[in-house]
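Right after this note come the structures.
Each of the two complexes below includes subunit A, the first together with subunit B, the second together with subunit C.
Coming up: the complex of A and B.
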């Protein structure tokens, strides 16, 4: 697995207290009960610490899936290719 | 005022025995007395000044305890010998202690729970009290329990994880016929283990506080559900929930005065006194504890109770844990969960499961840290004060904030 994918997976497991077997990269916000408003803040801070990218608050709230995170970070030049 | 010094439990059992002899003699005297556990880590100027005030105000018939309370801050509590003996009679009746032949100590005698439920009871009813070093010497403690007929022990919940660690499965103490818990949350999640460890014992949850010296309610625990609600107040004791949820009491057995950093304060006749716990009604004259006053706080607008979180955590984590509070960057208070020893990945997932399934995110800890051993105060409660600055902690999980 690509190093950035590993980092993102590890971060999201931690932020949302997920079990490893529950995680996949197609997860949507609606699949994760702990993806609440405070979880969004925590995720945004975690992404900044891990990838150095700062989400604007409205951008963070608009994220609806793990794919959305990858898409935004890819646009900023962070590679998630397999 | 006579000063009686007791060594820390694990230090010198001979000195403890000598201290108990001294206590027996001093208790008979008119002159008031004070029990101090050595080493007493208090400011000597404060102690001398306070002692002078107490001696002047209560020269006869009283006893005083220098206690660390549940916070670690020193506090001197003054009680009346006759009141404490009257309470020993009430406890005797409520727990049918006539059949108890011996009592084995596991906690310091400067702890009002151990002093009243064990030493004063044994003194009033003429039953031998056998001092031990408690779980600082598990083998010695176990041997004493094995050879003490029809005994009573007084424990605090945090000692259960130590018993699990020291005693292999199948170890039993059939001579123990009364087991008391006090000084914090009853370890409801360990009830099956306790029944197995003490197969002949009646198990009791005792609620009170230092100012009550110490007992307000006693409840026999038959099922896990019993542990959730306190027993009814003892005869003569009244309890009510004041504004903000603070649980208050009035008791004919309670302390006369308390001295802390703010000075000596006597309690007026009929004065409602805070227990230090936050409670709620659970029916007519029945109460449920939500947490210690300093263990219930608001976070993101939600009321956080460390006791409720701890109760849930005990379902999956059978070893030691404690909390300390920490102020975050935005000025809000959050709680840090400290577990010991370090949890495995699977165990950590179990802890996560509790938070995910039972609590909204504001109730989640700011961090989960692990240490080899949780530091405890002499009264067996986690030393929350030193947890924050403890060295050698490992962060096993954190919230990004």
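Coming up: the complex of A and C.
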């Protein structure tokens, strides 16, 4: 697995308090009970620490899936391809 | 409105005796009875609902109970609050923290803000030096966590930075300086517009556990005072965000850290560590840990286990 994918997976497991077998890269916000307003803040803080990218609050609230996170970070030059 | 107006303590005696009750800590019943001409209710009891006016004289816990009492049982009561100790700033915030069994429950809303607050210089003289120090640490924890909160913004951070630079840093902790009351109230009011973080998450989680398992009754202010430094260093260890924000808003980081060092009690910290360790999985789930300025992870506990106060010297 691409190193950035591993980092993102590890981060989201902690932020959303998921077990490893609950996680896949197609997860949507609606699949995760802990993807609430607190989870959004925690995710934004974690992504800034891990990838150096700062989500604006309105941008973080608008993210609806793990794919959205990857798409935004890819646009900033962070690579997630295998 | 997010601040309660200040009224002169001396003018409280002008309130109509009829319909006014004073609710106070047990230890202050004699003090209050000698100075205010109202019926006095001690903190172990609850005032009757429907009062015209309630004067609350006590610490943060009693003030928070009074806020909830007023909102839930007597919403038409006009309430003035006189804190007996600085630190919590409860007299000036729309937040109430309640103990429900082993859990701290945070309630927030404009109805919790008292109608007025007053300060007594005589009460200042009754504050023991260690409580004065812990109260100052509590105020610092509100100011710092509010400033660093990811829920804050540039304008609010600038207001908080100015407060930290110009008000908090020059104030000597551990002294009976009356100015600590107003500083604490301001710190609490400012943080209520963003949020607090890991210091409060740990404090709220371990306070009831220490009491239950270690038979150690440690107040919130004392916990926050000692947790200030390790959490500050932890947040700095996670990246450049803290240092960048201090630089951007002109807060002298070295002076601040030196101040936090003065609140740190290493013996307390080491004694509480087993409780922090056993509570860590619950601390991670605390809402306040999830809005800390740095991500708090399962392995973050290693930082706190091995924390040495001198390592982060700037």
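We adopt the following convention: the second predicted complex is superposed on the first by the 82 of 82 C-alpha atoms of A that agree within 3 Å, B and C clash if a C-alpha of one lies under 4 Å from a C-alpha of the other, contacts with A are read in each partner's own complex, and residues count from 1 in each chain.
To be clear about the criterion, contacts are C-beta pairs under 8 Å (C-beta built on N, C-alpha and C of every residue); 3 or more make two chains touch, one makes a residue touch a chain.
Worth saying up front: this structure is predicted, and the values here are computed from it rather than measured.
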item: When subunit B and subunit C are modelled together on subunit A, clash or fit; value: clash
item: Contacts of A:19 with subunit B and subunit C, given as first, second, both or neither; value: first
item: First (subunit B), second (subunit C), both or neither touched by A:39; value: both
item: Greater residue coverage of subunit A in the superposed arrangement, subunit B or subunit C; value: B
item: Partner chain in contact with A:59 - subunit B first, subunit C second, else both or neither; value: neither
item: Which superposed partner A:49 touches (first subunit B, second subunit C, both, neither); value: both
item: Superposition clash, subunit C against subunit B - the stretch among 201-209, 237-245 or 255-263 that is involved; value: 201-209
item: Residues of subunit A that lie at the interface with subunit B and also at the interface with subunit C; value: 14-15, 17, 38-39, 41-42, 44-46, 49
item: Contact set on subunit B toward subunit A in their complex; value: 300, 349, 352-353, 355-356, 360-362, 364, 397-401
item: Subunit C to subunit A touching residues, read off their complex; value: 150-151, 238-239, 241, 284-285, 287, 290-295, 297-298
item: Residues of subunit A defined as touching subunit B within the complex; value: 14-15, 17-19, 33-34, 36, 38-39, 41-46, 49
item: Contacting residues of subunit A [partner subunit C, same complex]; value: 11, 14-15, 17, 38-39, 41-42, 44-46, 48-49
